[in-house]
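Written below as structure tokens is the structure these notes are about.
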Amino acid sequence: MYKYATWLLAAAAAGYALVSSSPAAAAEAEALTTEQVLFVANNAWMLLATFLVFIMHLGFSALEIGLTRSKNTVNILFKNFLIVAIGLLTYAGIGFSLMYPGEDFAGQFFGFAGLGLTAPANGMTLEYASGGYTYWTDFLFQGMFAATAATIVSGAVAERIKLSSFLVFSTLFVSLAYPIVGMWKWGAGWLDAAGFHDFAGSTIVHSVGGWGALAGIIVLGPRIGKYVDETIRPIPGHSMPMATLGAFLLWFGWFGFNGGSVLSASPADISLVCVTTSLAAAAGVMGASVTSWFIQKQPDLSMALNGALAGLVGITAGADVVSPGASVIIGAIAGVVVVCSVIGLDKARLDDPVGAVSVHLVCGIWGTLAVGIFGEGKDFIAQLTGVAATGAFCFPVAYALMRGLKATIGLRVSEEEERQGLDHSEHGMESYAGFQIINP
Amino acid sequence: MKLVIAYIQEDRLDHVLDVLTKAELHRVSVTNALGCGAQLGYSESYRGARKRVNLLKKIRLEIAINDDFEERTIDAIKEGCQTGKIGDGKIFVLELPRCVRIRTGEEGPEAIG
Amino acid sequence: MYKYATWLLAAAAAGYALVSSSPAAAAEAEALTTEQVLFVANNAWMLLATFLVFIMHLGFSALEIGLTRSKNTVNILFKNFLIVAIGLLTYAGIGFSLMYPGEDFAGQFFGFAGLGLTAPANGMTLEYASGGYTYWTDFLFQGMFAATAATIVSGAVAERIKLSSFLVFSTLFVSLAYPIVGMWKWGAGWLDAAGFHDFAGSTIVHSVGGWGALAGIIVLGPRIGKYVDETIRPIPGHSMPMATLGAFLLWFGWFGFNGGSVLSASPADISLVCVTTSLAAAAGVMGASVTSWFIQKQPDLSMALNGALAGLVGITAGADVVSPGASVIIGAIAGVVVVCSVIGLDKARLDDPVGAVSVHLVCGIWGTLAVGIFGEGKDFIAQLTGVAATGAFCFPVAYALMRGLKATIGLRVSEEEERQGLDHSEHGMESYAGFQIINP
Amino acid sequence: MYKYATWLLAAAAAGYALVSSSPAAAAEAEALTTEQVLFVANNAWMLLATFLVFIMHLGFSALEIGLTRSKNTVNILFKNFLIVAIGLLTYAGIGFSLMYPGEDFAGQFFGFAGLGLTAPANGMTLEYASGGYTYWTDFLFQGMFAATAATIVSGAVAERIKLSSFLVFSTLFVSLAYPIVGMWKWGAGWLDAAGFHDFAGSTIVHSVGGWGALAGIIVLGPRIGKYVDETIRPIPGHSMPMATLGAFLLWFGWFGFNGGSVLSASPADISLVCVTTSLAAAAGVMGASVTSWFIQKQPDLSMALNGALAGLVGITAGADVVSPGASVIIGAIAGVVVVCSVIGLDKARLDDPVGAVSVHLVCGIWGTLAVGIFGEGKDFIAQLTGVAATGAFCFPVAYALMRGLKATIGLRVSEEEERQGLDHSEHGMESYAGFQIINP
Amino acid sequence: MKLVIAYIQEDRLDHVLDVLTKAELHRVSVTNALGCGAQLGYSESYRGARKRVNLLKKIRLEIAINDDFEERTIDAIKEGCQTGKIGDGKIFVLELPRCVRIRTGEEGPEAIG
Amino acid sequence: MKLVIAYIQEDRLDHVLDVLTKAELHRVSVTNALGCGAQLGYSESYRGARKRVNLLKKIRLEIAINDDFEERTIDAIKEGCQTGKIGDGKIFVLELPRCVRIRTGEEGPEAIG
């Protein structure tokens, strides 16, 4: 915040990598071009989007604790907080390099540009990404995405997974599986070549996380007391305010998730994307509310929240290529689908405390296919291929990882630990010290 | 002396305290409770699955009194809580052989009030 | 997030409506002008403002649940969450078209440009709004505003209104009453012609909501147990942390509410507006805290929170035309006024659990009139006209709607439902499952 | 939101001080230069940063209440909410003028440009800050920083300090001590001349607050029941969800704290700063988690949260001049240091409920010194000088203020008030009305 | 009549209610409690300092019964809560001389059920 | 056997548990409670309206003991809670005819400890 710098204007515009800010170097900057200024605006927009994606992690944390019991709250918060850290660090270490290997290193299915972050020579200039952003912005925006995929799993396996096993799983999943699949599409791999369209990641991010979640709940089994004899015994979440706060923040963050995926601040594109995103979320809320009101006789807040997320996941693949009208349809269907999916999974005795599989996997698939229906000139078969390929890769990998952990360090806490709650057994800490809570 | 325990509906609490005060019963202890009884529970729906809730929210009162206050206390509780609807609650009266006021060490009937 | 697009820069700058992004069309874009780049920056600012207004809905939700009882929390959250969805969808359907009919359709008092959203031919270009934003941005920013007016009502009628009736009321109010009044000023109607100044909506948004809130609490009557015999029995809110979080987020969102109302990123304007907004909020906090400390002998946190909002509502009409010094005065007076109004309404047995009428209506009026006092060249009579006209239209409309609902589907839950709490009767759900709470 | 203004584009670009927006004046604006557009983008970025710093105050509030008992929650919220108001108002009154006296008024150690805010003639133009931002933006960004220093103290002295005394202390500290030290570096004073580097304020903001916190806890003494006989009796915080929400929001806000300290939207600079900031935070989380897992045998969520903040404070001094790799090292060490410091202070019987001294003072010092180690061409001795000078000024001043208050109006609540909780004794209000809580 | 008080483990609550219902004991009141007993507490670590927690979370049941239900009630509680591990809990049985149903004013054995 | 019930001030809890432990009374159950008694309530102000609060936060102890521990227990509670200020609380002692340890099924004096 040194205020008397006279070189600021020139330096900023010239867009040099002022890591060791050298006024001298910048001073020679010639006349400022419009492209350079556009670069400044684009890059600032991309960082704003990055910040918004970051805050989604608070959204996920709040939603997850809200929909689970207070005796596992510290554990869930710890997992979600650490995942952001692990996600960023591993993405810096290898993920970014796996996902965007660049032309020199890319295969169709796999590429790796080396360990760590090294800004290319043109990394801070217009050339790097057609003036959309710098190399650092690129990394950070992508890094925030990476952690999201792992966080999705967290909600589904909550209240019974061992902390250490979860951390190992997440680290591997987010640093290997996620970037490899990501590369197929966004790293200019084979899916991209096949004409697959996934704007901001209904498949590449959400389904990837969703497949991990599905594998997790299959291998782990349901929470004790969820399915007794022939009946489903719902286990109510302990804080609807936190769950709602989480859903609001996720919607808020999604403006960055989708808005930033335009990769520039192009007015027509980012504004269309924000509109389709909002309308799909709104329609998702209505679709889920009406469906749950109809099925459950009373409107279920947790379903309305899931509806918003369903609409958001659903629109993520096609936010840039569908009309606002189509986005309403996509969102509304996602809202209906998510409620049916939550109820259906429960019937199938797959215990997903927060509805992660329904929201991220089922609606991720729906959204991806919807591009083939509503997106002008988009190929349904290509969309189907993307969906199938992702599932065919991610589910087995996640399943194998989970089984491997189960066979070695163990995947699930003991029955007694689960009954006491993971806050006690894993952390020796209370989430709401002093509050009198009956947690059967 | 007697120890009167009563389970009442949550929304009668303010009223019963008013009535007790009018009956010059100024000492009461109150605890949250959950109860099942003749009153049927209800069923909630959470995320599409139905859940029977049999434990309803109740308030538990505990009042230590001298013997001659027994009827008065019971009448006051009845007055404050009777609505005629199932779930109004119960009163249990126990013998209380000994009572001590911690502050002064006083015992017996003087210590009650 | 396809990273190898070479057309990004050009496309963004050219500002074409790239709904089905056509590289070919964009490729012909000529040299990038400074106006085009300014358009990019302005539009990005407007979207940032839109996101901030969105998060105000979380702020409202948190404030409202914080200041009410835990047995009505799910209900309030559900209402607030749905309102955002309903607000956006109805605004897309008819509201936007009613509020900004455009020159071709506008009368002085009413205009309607047709159902649904249709981007005009120049909607994505500099021409649409002098390079301030695109048509989509325009809709989304305005749509976020619309839902606000309905949400204001929600807090005032909380803990006793029937969910279905509230949703019907809100839908009609936000899709009809709000845009019609809005059109008088912002849609270039008669109030605008009369010289009325209401920068971001002290009257057009906040008072409109406030009149609805006043009508609501008059028709509904107070909560059971609030006024017993001759005494006022306060009903304490169940979570001061949530209330405070709400107030902080509202302040945060107000930077977008007011900052975005500049309708461009003009440095002098947006920075002045943010400064007057902040100083008025700060002065509102001090005004309310000191007043409540004086009257109540101890400083009341809920009053300090209301004070911030009072200052914010107060400055909203004139944030662009008053000096920072004047904004401190406006805010401080708003802070004093809100405390007196809260206490006064209680004396008049008008039960407003969160102080919505005091904050939005009373301070909305104050702020609008203050423009006539502190705004250079502003006409006090015009301000008074705007205030009176809004009241004369909105209060009867809201009152009639409320009475109509009361006479038909019923407005208020039964006494038993109210005692049990609306979470139980309307949703069959607990807000804090397991927590032991005494809620007399 | 008057939408038919044709002068918007021109006016925005020309960057005139349109306090009483005069279309006439703006109309004459000549051709829009690239510098003017860059000014628009830069200024918007700076305001975004300002908003993010603002929301840090919610982060601090949530973190502090989360780590303390529910019987003091209203009090902490009130303090934090008021501090923002007091901070902004006093900074407008004298702080800004003390901290940035400008060339005409500056000494090496002290300067004062007069009471109140007066925009200089060029305050809304490119000239004011090389096109980085306007005078109003400048004030607001700096004002948000100012309140931070006082808020840091709040957490350390929580649960026992008298409300009135705290408010007096904060007002003096934030309006005098903070800007005077700030001026030494950022106001072009002697520390700046000495080659001291403190990018966004590891020392100038965080250590200043930290020294105040240290003085506070020394003069106040520990909370009743914290140190009994020979043992430390931890007093668990009442809401881990709130604490976590606070830490997430602080991290979120820090993007503005550091990102805005670039003082322009220069792509290379802001993106590097955001990357170093994030990586240091992530490394801080890992450092603290591993350390606490090792020492405490189980991973302590509150330590992980402190770790993130430790990393953030640590990187604040050098975010612009260290490589991402170095930022990981700085953050990781900060994470280790903060855990050791928390435990060490407890051993020394210095009772700091939220770890403010460890996070802000200890890691602030570490971060400042780290610039001398990792920052190319930075002088370790200059860094040491800055650290020492700040301590030598702030600690005695804070200590004297605290002692003075103790001797006059009293600094600490009575034992009975402390046992009952400050919510009761200072505010007569409950933080969670109805909740059954055992608070020994 | 008797008043049966039992302290049990939190996670046995659902089960014991099922067993009681099967034994045709439909009326129970439940309160949260903290207890110390033979079961050792544990030590938590908060911010690096260890904290002994001796008060463990328990559930308190209170059941008013007619004399002939005494054994049945005690057996049901045992069945529902016995795991053989320390901490299973205790049952205390008090004499209950008087019982009133608030709704009807009924007294004695009829008022219990 | 006896069942001792005591209402005490919230902030005496830690201390009284220490004293009980020293008196070799290791088994106690604790519940939150609200109480009104001789101690005057206070009045809060919420949003400008005054509110009388008569129910103050208290802690309820329940201790089952053998007869020969009665005095010791009462003395320990007095020692731990007596400050001489109004609000120190009350001790109620009931007869406890029966006590069962769920884990072992033991009854009577052996089951108490």
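A, B, C, D, E and F label the chains in the order they appear, each numbered from 1.
Here is the rule we use: a contact is a pair of C-beta atoms (placed from the backbone, for glycine too) under 8 Å apart; a residue touches a chain by one contact, two chains touch by 3 or more.
Because the structure is predicted, anything quoted here is derived from the model rather than measured.
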{"item": "Co-neighbours of chain E and chain A - touch as defined", "value": "B, D"}
{"item": "Selected pair, greater C-beta contact count between A-D and C-F", "value": "A-D"}
{"item": "Same-residue or different-residue interface between chain B and chain F, half as cut-off", "value": "different"}
{"item": "Averaged-CA centre spacing for the pair chain F and chain E, given as whole angstrom", "value": "18"}
{"item": "Distance from chain E to chain C - Cα centre to Cα centre, in angstrom", "value": "51"}
{"item": "Where chain C touches two or more other chains at once, by residue number", "value": "34, 37, 41, 44, 48, 236, 239, 245, 296, 298, 300, 302, 428-430, 435-439"}
{"item": "Set of chain B residues in contact with two or more other chains", "value": "30-32, 34, 44-46, 94-95"}
{"item": "Chain-chain contacts as defined at top", "value": "A-B, A-C, A-D, A-E, B-C, B-E, B-F, C-D, C-F, D-E, D-F, E-F"}
{"item": "For the chain B and chain E complex, residues of the former touching the latter", "value": "5-8, 31-38, 54-55, 58, 60, 74, 77-78, 81-95"}
{"item": "Interface residues, chain B side, partner chain A - complex", "value": "32, 34, 44-51"}
{"item": "Residues of chain F touching chain D in the complex", "value": "10-11, 13-14, 30, 32, 42-46, 57, 59"}
{"item": "Residues of chain C that touch chain A when the two form their complex", "value": "1-9, 11-13, 15-21, 31-34, 36-37, 39-41, 43-44, 47-48, 50-51, 54-55, 57-58, 61-62, 65, 73-74, 77-78, 81-82, 84-86, 88-89, 92, 116-117, 124, 133-137, 139-140, 143, 163, 239, 242, 245, 426-436"}
{"item": "In the complex, chain F residues that touch chain E", "value": "3, 17, 26-32, 62, 64, 94-103, 105, 111, 113"}
